[in-house]
Amino acid sequence: MAALLRFSAARFLAGVAVMKLKRPPVNSLNMELLTEFAINLEKLEIDRGCRGVILTSAVPRIFSAGLDITEMCGKNADHYGEFWRAVQEMWLKLYGSSMVTIAAINGSSPAGGCLMALSCDYRIIANNKKYTIGLNETQLGIVAPFWFKDIITEVIGHRAAERSLQLGMLYSPTDALKIGLVDEVVAEDKVQSTASAVMAQWLTLPDHARQITKSMMRKPSLDRLVTHREADITNFVSYITRDSIQKSLQMYMEMLKKKGR
Amino acid sequence: MAALLRFSAARFLAGVAVMKLKRPPVNSLNMELLTEFAINLEKLEIDRGCRGVILTSAVPRIFSAGLDITEMCGKNADHYGEFWRAVQEMWLKLYGSSMVTIAAINGSSPAGGCLMALSCDYRIIANNKKYTIGLNETQLGIVAPFWFKDIITEVIGHRAAERSLQLGMLYSPTDALKIGLVDEVVAEDKVQSTASAVMAQWLTLPDHARQITKSMMRKPSLDRLVTHREADITNFVSYITRDSIQKSLQMYMEMLKKKGR
Amino acid sequence: MAALLRFSAARFLAGVAVMKLKRPPVNSLNMELLTEFAINLEKLEIDRGCRGVILTSAVPRIFSAGLDITEMCGKNADHYGEFWRAVQEMWLKLYGSSMVTIAAINGSSPAGGCLMALSCDYRIIANNKKYTIGLNETQLGIVAPFWFKDIITEVIGHRAAERSLQLGMLYSPTDALKIGLVDEVVAEDKVQSTASAVMAQWLTLPDHARQITKSMMRKPSLDRLVTHREADITNFVSYITRDSIQKSLQMYMEMLKKKGR
């Protein structure tokens, strides 16, 4: 397996792992990265020396561009099903983590990148107007699945989520803060230090009580996906294999290529 | 059927219909207007040339005063049941519309008028301190039904909804904006042009992805009414036929008459 | 039964009872106070002359320190079960009250004290930076039960509740206002007069319509506890009797003793 994640040794000092996504040019989440992410998170989960994870990017100006569209385009149904299961698994592990999870968002974070950030306990974003964050799926002609919808509804409330999802809105850091999509906007060179400081604060809490409390808040949404997991895969495969959707995605990929990505 | 709605031809140009309520003096929603509204909305729904509806008023200073109290007072149980079914139908059609729906609120919008606005995708209100908006049912001694409660809870959150409904609060445009009951406050002469501009923005999204996303957000509430529709009618009839409620409504009508409405 | 509550005669004038908690030094909620509270609230509930209750403290600088830890420490399982049932009963009565309930928070209000305030219809807190309010259970190494979680989620929304509960956050009055944990911050000597003025406003609404509306908003949460009441007791007893939890609570009590409380 390629090393698509970089780990900082910080955890040996203070119980904190720093996971840096590094799949240039835009940290798009392909099968390999998703799998590696889930496996490594699981390892940290059972490592009693690790109490918190800071999730960030090793690629300049991008946190993660979200799901890798090449995994959803021009492949067969089995591939799509397998890919979607990997996306679900990443989310179940991250949203359901008993560790403290902090997103240090040091670049743009659309779609699946935004979902990863939303699944952490706390979100810090760099104050750079060029960065955007949001679930912009409709802009691409596709639909965020119900559990993306559930989590953004939990974070920003029903009304803001409805508008945000219908329009596929991407927010600047300050606008994201206003609607509660992130918790803090800091200078670009303070993202990592702020993440460490916030982590230190969260780690002052007794693990046991904090973990049960976190699970109590998140279990209903996690259970909903676990219960409907196979139906969600079937639904995704039947949706993504439609001619009209494949065409939308291909047009989007062409556009990305023209942009030089 | 009387022409209680006025349509603008704008839709032939840009896929947008403008529906103007015109039942002076206060656009109160009687059986006839509700039925005409539902039928016309349904027609637009199946007209593939129409992608969006702007809902506004042709009567100065009032968007809609809400349900016509004369339909709820001094009639028999069958009438009340039939009336309530028409109210439900209007809401199921409007809240469940797959088109982009924008409320251009150019006047006061209490009770059922507020419900109509809340059921659109976006709300723009004229910046006029004399206009008020809110679900003020308790002020009249009556109770908003569960689906009015569901929708205001979705829009402004549980706490604000509870306070708002218990007190039957009516908000000025700026206060309505503060709690999220409307999305935008603009100068009185900019309401229609802003509605058109917002509509243009929403229509840049691919219909299919936007429609599925909208349905995903709204289906639970729509399903709740569909499931409990008959019980909701029975409940309304049994409530509205009580002597004490009839007395409250009659007192309220007397007051309106004295005010010259 | 000791007089742990003090009643003001105000209700004989205007349909309003003032309940003042007075169990120095910190109004901690022991079995006796909880029972007395529930019984007295029930009496007011059936007294048709009483339409509203203002809940406040007769002890300077403290609204209520929450559940009395001595009831949860060094006792037997039967005692814990009985105590927890009394806590549930207090909440079912207060959150489910058909009267208008206003919290005049004239001092600090952590944990169970915060729950009491959150269960009222309106919260006014004294503008004193030394006062804090919040569900700080995790700070003590314990977990707020699901219905504490439900109610704070209803009041401040899912995201704010999750962060607040995980960190066991205590807020200053102005910070509490910002996240919606309280409705109003007023000068310390205006707490009671503001509570009276707000009560007068709420009492202008017709009781019947307001009560049904309140019940409609609160019934789902009340029903959830009623349905899971015995399981919640079993869960509490099994949790609180753990060695690690007993140790946490004992350490906390030692700390309180050192602080001279």
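Chains here go by letter, A, B and C, matching the order in which they are written, and residues are numbered from 1 within each.
Just so we're on the same page, contacts are C-beta pairs under 8 Å (C-beta built on N, C-alpha and C of every residue); 3 or more make two chains touch, one makes a residue touch a chain.
The UniProt protein names, listed by chain, are A, B, C = Enoyl-CoA delta isomerase 1, mitochondrial.
Given the structure is predicted, the values throughout are model-derived calculations rather than measurements.
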Cα superposition angle of chain A on its copy chain B, in degrees to the nearest 5: 120
Same vs different contact residues, chain B with chain C, by half of numbers used: different
Length of the line joining the C-alpha centres of chain B and chain C, rounded to whole Å: 37
Of all residues in chain B, the ones touching two or more other chains: 157
Residues on chain C engaged by chain A in the complex (per definition of touch): 137-144, 146, 149, 157-159, 161-163, 165-168, 244, 248
Complex interface listing, chain A residues touching chain C: 121-122, 153-157, 180, 183, 201-202, 205-206, 208-210, 212-214, 216-218
